[in-house]
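You will see two complexes here that share subunit A, one where it goes with subunit B and one where it goes with subunit C.
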Partner chain A sequence: MNRKKEMTAGFLFIAPSILLIVLLIGYPMIYNFIISFHKVPVNPKKPMQFVNFGNFTKTLADPSFYKALGVTVFFTLLVVFLSTAVGLAVAILLNRRFFGKKIVKALILLPYIVPSVSLIFAWKYMFNNTYGIVNYLFVDVLGLFERAPLWFDRPASAFVLVTLFCVWKFFPYAFMSFYAILQTIDRTLYEAADVDGANGWQKFKVITLQEIKPVLATVVTLRTIWVFYMYTEVALLSGQVKTISVYLYENAFSMRDMGKAAAISILLFAIIFSFIMLVRKKVFKYE
Partner chain B sequence: MSKKKKKKIVRGIFFYAGILLLMAVILIPFFFMVTVSLKSAKEAIQVPPTVLPEALTLQHYKDIFNANIFPFLKYFKNSLYVSVLAASISLVLGIMAGYALSKLRFPGRMTISNSFYCVYMFSGILLIVPLYRLLSSVGLYNHREALIIIMVVQTLPTSIYMLKGFFDTIPQEIEEAGKIDGLNYVQSIFYIVIPISVSGIVSVFVYAFMIAWNDFLYATIFLSSSDLFTLPIGLNSLFNRPDYIWGRMMAAALVTSVPVVIMYAFSEFLMKKGTTEGGVKG
Partner chain C sequence: MKKMKKTLAAILAAAMTLSLAACGGKEPENVPKQDTPSAESPTPAPSEPENEEKNPVTIQFMHSMVQEERQQAIQGLIDKFEEEYSWITVEQVPTDGESTYDTKLTAFAGGGMPAVIEVNQNRAKWLVGNELADLSAIREVIEAKPGEYYDAILKINTTEDGQDFIGVPVGGWVQGIWYNKTAFDEKGLAAPDTWENILAAAKAFHDPDNKKYGIALPTVDGAFSEQSFSQFALSVGANALNADGEADFNSDKMIEALTFYKELYQYSIQGSNGTTEVKDALLNGSVPMGIYSTYILKDLINEGMMDDFGFALVTKETSASYGSVGMLSVSDGLSDEEREAAILFVKFLVETENNVAWLHMAPGGQQPVMPAVASDPAYLDNEIIKGFEALSPEISAAFGSISLFGIVDGRNFVSMGNVTSSNVISRAIYDLTVNDKDPAEVAAETQKQIEDLISQ
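Right after this comes the complex of A and B.
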């Protein structure tokens, strides 16, 4: 078959996908940029009004923006670090032969596969203020707290709860990635280290960490973007944790200030974009 | 007993204790989902809580499938409609694009392959404002089709990337043999590429289906009448009413999880089977 035919087929096969992505990701992003310089009337039939950098100055002068950003950065660091660390620890723990391994490996994935909306009902039930099992255990049985913490109603305890939930739900993803790469590490490396008298930590640092580095970098980057933008789990579990996504959503659909919401989106994108550039340069050493 | 053997036993005990703790942390929420769905409404909110149901009841499961009591089936159908269509379209487009990127040489192919990573930066919350305005302006507000289109686009980059990876493992010779027999590109996809990559294709469908099935964010933005609600927003709205019943919510939560868990297990099964068969051939 000749080259020209192959080229035409290639273009034809890829065209619908490219078209959709340009139309529904590329163009909306540009449109986002345009909206961010306008005041947008609630009535979609009325024209937008150019306000220059008005939405940006308004956002940057809003204390809730910085608060939301701070909460989100802290939340992202915690969730990414903990879910990666737990995922890695479990992958190392399971990286051996033992009775019941297949079923254990399958069950670990449950929090990751089951829809968040379902999981959140279970968590809300367990952490319920009056009849939840967690408060029953902590307060009545163990006596850890004087009074039952209202998990969902205070920003600080709700933050803890949402963080716990997200680590629980997302560590299986890290586990899967690490488990796969651990299988490929040559056993003889560890045997050689044993001969040299290395302890567990040294073996981890010198062999395991070096071998899993590429996967670690990918897991951390992708998860960071993901947790930074996360809306569903945070919004479903508690109204008290105001991350930047919740802040954006409220500006767009509760306050109906689309111009400001678009400006927030652009700022968010700028933050994530700089983060990725930094990671590519420092971690992946791309130029 | 030798010292070495003793040490081994102690380590074994610690290891299994670790596994048990891990399983407990993972499974306890599911344990409550199951037990509460079988408890009476009163027992569910009893203090101190009961561990196992005192009186088993299947009433909640009957209730959620009774349209007069609970609109679960309606939401289920909406979710199914959105997820099946979105996953199918994403899969078909993904097969075409993945095939082009894997097997056909054309200008720009490398650039496209390398830029999939970027799309991650534009997902979810970032596009809610422009997509809301754009799709509303073409009359798709409060239509499930808006959700389908968005789910296709949100899953497409990963679908293409995954499928390209599966197609890359098909040896060039197999396809060339087909070409000699006079197959064109479309026939080659249908008769050679798809049959060889069944397990990969299923896993991509499952991936896209799960994303669409779980979507909450875009559903809240685009769907306003409860007749069109998908499961995530439908169940959440029922939960926010003061008269919700725990058992019913838990039964609904469990039945909501069943399709994705089964599909995921099935695709894993196919994958495992695929790799062992491949090993025999190689």
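Right after this comes the complex of A and C.
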């Protein structure tokens, strides 16, 4: 009986938050769902036209959708894996005392706290065909190329650079999360492992990985969602990396096909939601 | 209990994921609220404000002048206006960038459009095409200034049926070829006006081993490339639409223009060239010529390069320059009070004295659209404007030669607004040059895309 009362009280406490979520997120979700079945005129005074599943079939019949989806999945896997791995490696490396640690930590956080737009323009200048430092080094100093490569205009090199940029920009988030949890691990566990003759990999696998698993799950989940829908960095760095967010943006704001854009977002929701649920159930079975 | 936790977690995760999924169409943060549509009503003359009889009204003014000093200048104009019409409050909605502006405009179109919006002719056409502009309000302002606009400006500014105007012009800029006269003279080359002269000069100057290129040609997947290419196409008589407003991108003339543009690209800085790349190349001397707008004047003067530079129009069968007219649009669906306030505000902004203040925000970049303003001593009393006095005849000629895709036989097709904002022509130019596509293939693909857009 007491437990039931506690539960009721608990729900009452979180009720305001749930109400806010319903109002701020629920309404746009429902409206998005409704317009995905309509042809939506730009002028709100004109009536929406019900097209049944037309927007969905149009999207699913578009080869560009699958191409963008494929690029996005590959891009997300790479960025999430690399930024998490680099973040974890740096956190482990810094989880000890050494001179100048505060400065090193501040430098690591720098790309994460500087606005994306500034960094994007800095990168574009670095890779500029006529006066970029990268081409100066590769073409003029080292002579690796006869002519400056069009880094952001060729899909393959643009993909690599956008991936690198995102890993560099976002690994500090993983670093911060892992660094915080690493500091809570009891040192005696490692001492006991040393006594048992465990090597570095065994200590990492049996102690570190087990202890950081909840944070790892959160970092991977959030970063997957963010990278999957990432637009600013991808679109501003190069028009050649056609991820799903770029595809969605072009439909919504270049072609101004809001119905199709809404249908795309519903499909994406289904994909990413299933993926996250699967990963949490199969990979991070810590509950 | 565990099941309930899981269900709750699933609901929250679903909400979080879908809310992120919807981020592509993020709502603007400060969507102004306005009343529901009402019937059109005539506006009283602005000369006699009846402050005490009026109910307070607030209108929003969306513009692209995000720079702090320009916002201050606009605020100065607003303060002056509010002093004269004390019952009206005008709020600025400064909005940055090409795509951001379109995004915000699209979001506003869904409800709560600002009463007055600064647009170029393409956005103005888009507003008119979607019945989001109050044409009678716009006409009322323009008719209050009969015969005061340049003819070339009004040609761009009429609706498809020639009966109305798509916006109230406040300023304009032209685009053409900027070239280093000194460098051309040294090589004994003619000014780059005809196709042949442009190509000959590009070949003569091209020396990529020494990081010198023949021309800075716009190729970016953005509006700049369409603007630049349109001059070559229109100068040979090719247009994106025909006299019936149908797609006409696959014509022999258009393929000829595409082929020439591609050939010219061989002597250009390679890659995706936007405004930054072209301007940098012109100013740092890596190219002797490039296609840019009058917005470069200020930089040429500041860098002490104005005397070296000339301005030419692309010429083949005829001369063609690209021009953009800055306009003010009054939104449809305002309440009577808001509509009246919007009209008064737009009338105020095109009064000579205030228009001069508007143009002085970007001296040289935005040019006058009314002869009375162009010759006004207050307008001419500016260091930058004095600095390019010698080029004034060329710039005036460029205004007279403005030709745009979508204007055919005097008809200004509003559907061109959708074509331009969709970027299909710019993407075609990018594919043609940077991606080395075949001109005929590009023309055929673009034709199909324009047909699809028009059929929508």
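By our rule, the second predicted complex is superposed on the first by the 251 of 287 C-alpha atoms of A that agree within 3 Å, B and C clash if a C-alpha of one lies under 4 Å from a C-alpha of the other, contacts with A are read in each partner's own complex, and residues count from 1 in each chain.
Note that contacts are C-beta pairs under 8 Å (C-beta built on N, C-alpha and C of every residue); 3 or more make two chains touch, one makes a residue touch a chain.
Quick caveat, the model's predicted, so the values are computed rather than measured.
Once the two complexes are overlaid through subunit A, subunit B and subunit C clash, as defined at the top of the document. Contacts of A:Trp168 after superposition: subunit B is touched, whereas subunit C is not reached. Once the two complexes are overlaid on the shared chain, A:Val104 sits against subunit B while remaining clear of subunit C. Look at A:Asn32: by the touch rule set out above, it reaches both subunit B and subunit C. When the two complexes are overlaid on their common chain A, residue A:Met126 makes contact with subunit B while staying clear of subunit C.
Of the two partner chains placed by the overlay, only subunit C lies in contact with A:Leu150; subunit B stays clear of it.
By the touch criterion stated above, A:Ile225 is placed in contact with subunit B and with subunit C alike.
In the superposition on chain A, A:Leu248 makes contact with both subunit B and subunit C. When the two complexes are overlaid on their common chain A, residue A:Arg256 makes contact with subunit C while staying clear of subunit B.
Looking at the superposition, the partner that touches the larger set of subunit A residues, subunit B or subunit C, turns out to be B. Of the two partner chains placed by the overlay, only subunit C lies in contact with A:Gly239; subunit B stays clear of it.
Across the options 44-52, 80-88, 98-106 or 440-448, subunit C meets subunit B in a clash only at 98-106, per the superposition defined above. Within subunit A, the residues touched by subunit B in the first complex and by subunit C in the second are 7, 21, 25, 28-29, 32, 44, 130-131, 225-226, 229, 231, 245, 248-249, 252-253, 258, 261-262, 265, 268-269, 272-273, 276. Residue ranges on subunit A touching subunit C, taken from their complex, read 7, 21, 25-26, 28-29, 32, 41-46, 128-131, 147-148, 150, 152-153, 225-226, 229, 231, 239, 245, 248-249, 252-256, 258, 261-262, 265-266, 268-269, 272-273, 276-277. By the touch criterion stated above, subunit A contacts subunit B in their complex at residues 1, 3, 6-7, 9-11, 13-14, 16-18, 20-21, 24-25, 27-29, 31-32, 35, 40, 44, 90, 93, 98, 100, 104, 106-111, 113-119, 121-126, 130-133, 136, 140, 168, 222, 225-226, 229-232, 235-236, 245, 248-249, 252-253, 258, 261-262, 265, 268-269, 272-273, 276. Against subunit A, the residues of subunit C that register as touching in their complex are 1, 10, 12-25, 27, 37, 99, 102-103, 106, 109-111, 130-132, 208, 211, 213, 221, 269-272, 277, 280-281, 284, 286, 333, 418, 421-423, 430, 434-435, 453.
Residues of subunit B that touch subunit A in their complex: 15-16, 18-19, 22-23, 25-30, 32-33, 36, 44-49, 93-94, 96-97, 99-101, 104-107, 109, 112, 119-134, 136-137, 149-150, 152-153, 156-157, 160, 179, 185, 210, 213-217, 221, 231-232, 235-236, 239, 246, 249-250, 253-254, 256-257, 260-261, 264-265, 268.
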